[in-house]
């Protein structure tokens, strides 16, 4: 069974690949490369997969998931400027793809400590706006 | 092709594992173990998978799916107290995980009679609130 | 300017007018009068009206509104059985109309203490399901 | 990584299988076979899958996807009568299943020209109404 | 207290003012004047205003409202071609403004018979798409 | 009749009242006063009120409204840093209240030129997140 839970956070960013000339940045990112930045309300859906515990009738303790997501994701990214306050984005552009990969890595790092006996982290979906979303699924 | 259709029902429940002491129940379920119960509006999405019929251009008859879901799910659970009115939850706690499994079993039981020549029941998704959802996918 | 903020809570209830015979209850409330109860996820939108403070650029402090709504509404109604745990509904049926009126009275009672210098409580909207909503507006 | 983007278009149609007698059409499609037609606002979600480019931090250029979807789908179907203006539906009934298959074929045809070096078209989801949706996933 | 309830129906139409030359129609309505028509999923929200009955705790009987809306609105407009099947639109263009006015008139006509002792019809809101909505409020 | 149409834009900001000491800023705005800023996806709903034209069946030309809103609002605010790129916010804090007032003033300024013969600008609603919204209504 797969259990999914949603979280929200907001952040600002400016899309810019440091390794590319400005003309390329303008062409690739359009108005998202405005030097003063802009922002989004991100929706993060975290999905875990595992068996249902026969005593508790639960796949995982949602309160523990909340603690994990708050510590690994929300406290780092909520109400932040991704370019200036997240070291991983001092060079790499804070696209939603890169942000999703960073969130995935952070969740993977802390997952085993919070859920040593399962379930697995199966998927994350990061919704940048109501139109665009980005998913990472576990390797199978 | 996968076809999905949404249904809604509301029910009340109290989360409590009969086999565990009260202190464990309070710890595991928090305010969801309030003895007087509380309730939710559940959204159920049922997904069927199969080929498109070349004459009708349909994967399945949605009116037949409605009859099946109404009989197997809505008539049993809508406007009910899950603990007091659903025998399966006299012992097991009516978590959304257990509720999803029960709905899956009931749909599987009746599916072959309503759709003897396909399509397959591929997935159900039970949304407890806008934040939490629970999915069961067919074994592959 | 009018500022609105949304809150969610879930509760169970059974619709039943104590002063009416059972046959009338069944006719008026239909499956909502099931003796074992059912439940809903309520959405409450609270709207305040007042001038924008020229220093802070705000109509009201949203953190104060959160404290007020949590104390006057959420702590009382969230994860509760309205019939058994709310004294006002020991006799009167816990319809969404009556629930909205009770929420309104509780907010009005505490409002002046939290916002002595304005803004006014202008409106509440209680959404029982995505289909039905109930609004109370201040007398003008 | 999978990237998904949403588009909207509206169209009218009448469900009718030309190869079947009228009585069968009425039985299969119900009020959807009304000879004068009716309409829907369709939501189309297109999902692409591929690696994240290490310079741009993107899986694909969304502006290119917009051009592709506009040319292959929106210009053809938006504000159209599917039965009268889409040759593929002069015989086959314009069910959402058939419409999804036609959209899939059109996207596949143009995909390689717009994205010669990847990513792959992984999935489309066509939402006919908020209740019904239709998905096609790439063969694996 | 104001009580609101939502209904859905779908219909097709073509925007065209019979009294105007084709060039004006094209200029005013753009692609909405395509002669073969297109369609929408309309959402109709009906709001009634009145006191809460002290016995039943209700402003109105929602089942009676359902009967009224089904008879006065849904049976007439759902799954229809507005231009060809609604006499009022043989001349006047079936814009959402005109459709809202027609729905309002029909509700007003039947309202007194279904709710002779109140509540009043206070407002309707017709949502053509998620972007555009049209409201009529009672004269005060 | 009131006609409403929705627009979206995203921007970043930092809440800070220049006239107040930093300790007050931290207390009033909390994490919203983070010096590096954060961002939101704003939804703007613009409502116009007027009679329905008997020839066109419309209250206003939506294409003209789009031009007006794009020029007066979207081009100025979309993908911008409100503090650094909007002169009005070099001193005043870019709260949603102040942003709504600025949008209202800009719409009022251009309205008469685009709609000299009506309808009136009746209301705007600015949704900062799904939880918080801010409305300005015309003086009556």
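Before moving on, here are some points about what is shown:
Per-chain numbering from 1; labels A, B, C, D, E and F assigned in written order.
The rule is short, and it goes like this: contacts are C-beta pairs under 8 Å (C-beta built on N, C-alpha and C of every residue); 3 or more make two chains touch, one makes a residue touch a chain.
Here the structure is a predicted model, which means the values were calculated and not measured.
Between chain B and chain F, the least number of touch steps comes to 2. Here the repeat of A-F among B-C, A-B or B-D is B-C, since over half of its contact pairs match by residue number. Separation between the centroids of chain C and chain F, computed from CA atoms only, is 29 Å. Measuring from the averaged C-alpha position of chain D to that of chain F gives a distance of 34 Å. Within chain C, the positions touching two or more other chains are listed as 130.
Pairs of chains meeting the touch criterion are A-B, A-D, A-F, B-C, B-D, C-E, C-F, D-E, E-F.
On the side of chain D, the complex with chain B involves touching residues 15, 17, 19-20, 28, 30, 92-95, 97-98, 100-101, 130-137.
Those residues of chain B lying in contact with chain D across their complex are 1-6, 52, 55-59, 61-63.
Those residues of chain C that touch chain B in the complex are listed here as 8, 10-13, 31-32, 34, 36-41, 78-81, 84-85, 129-130.
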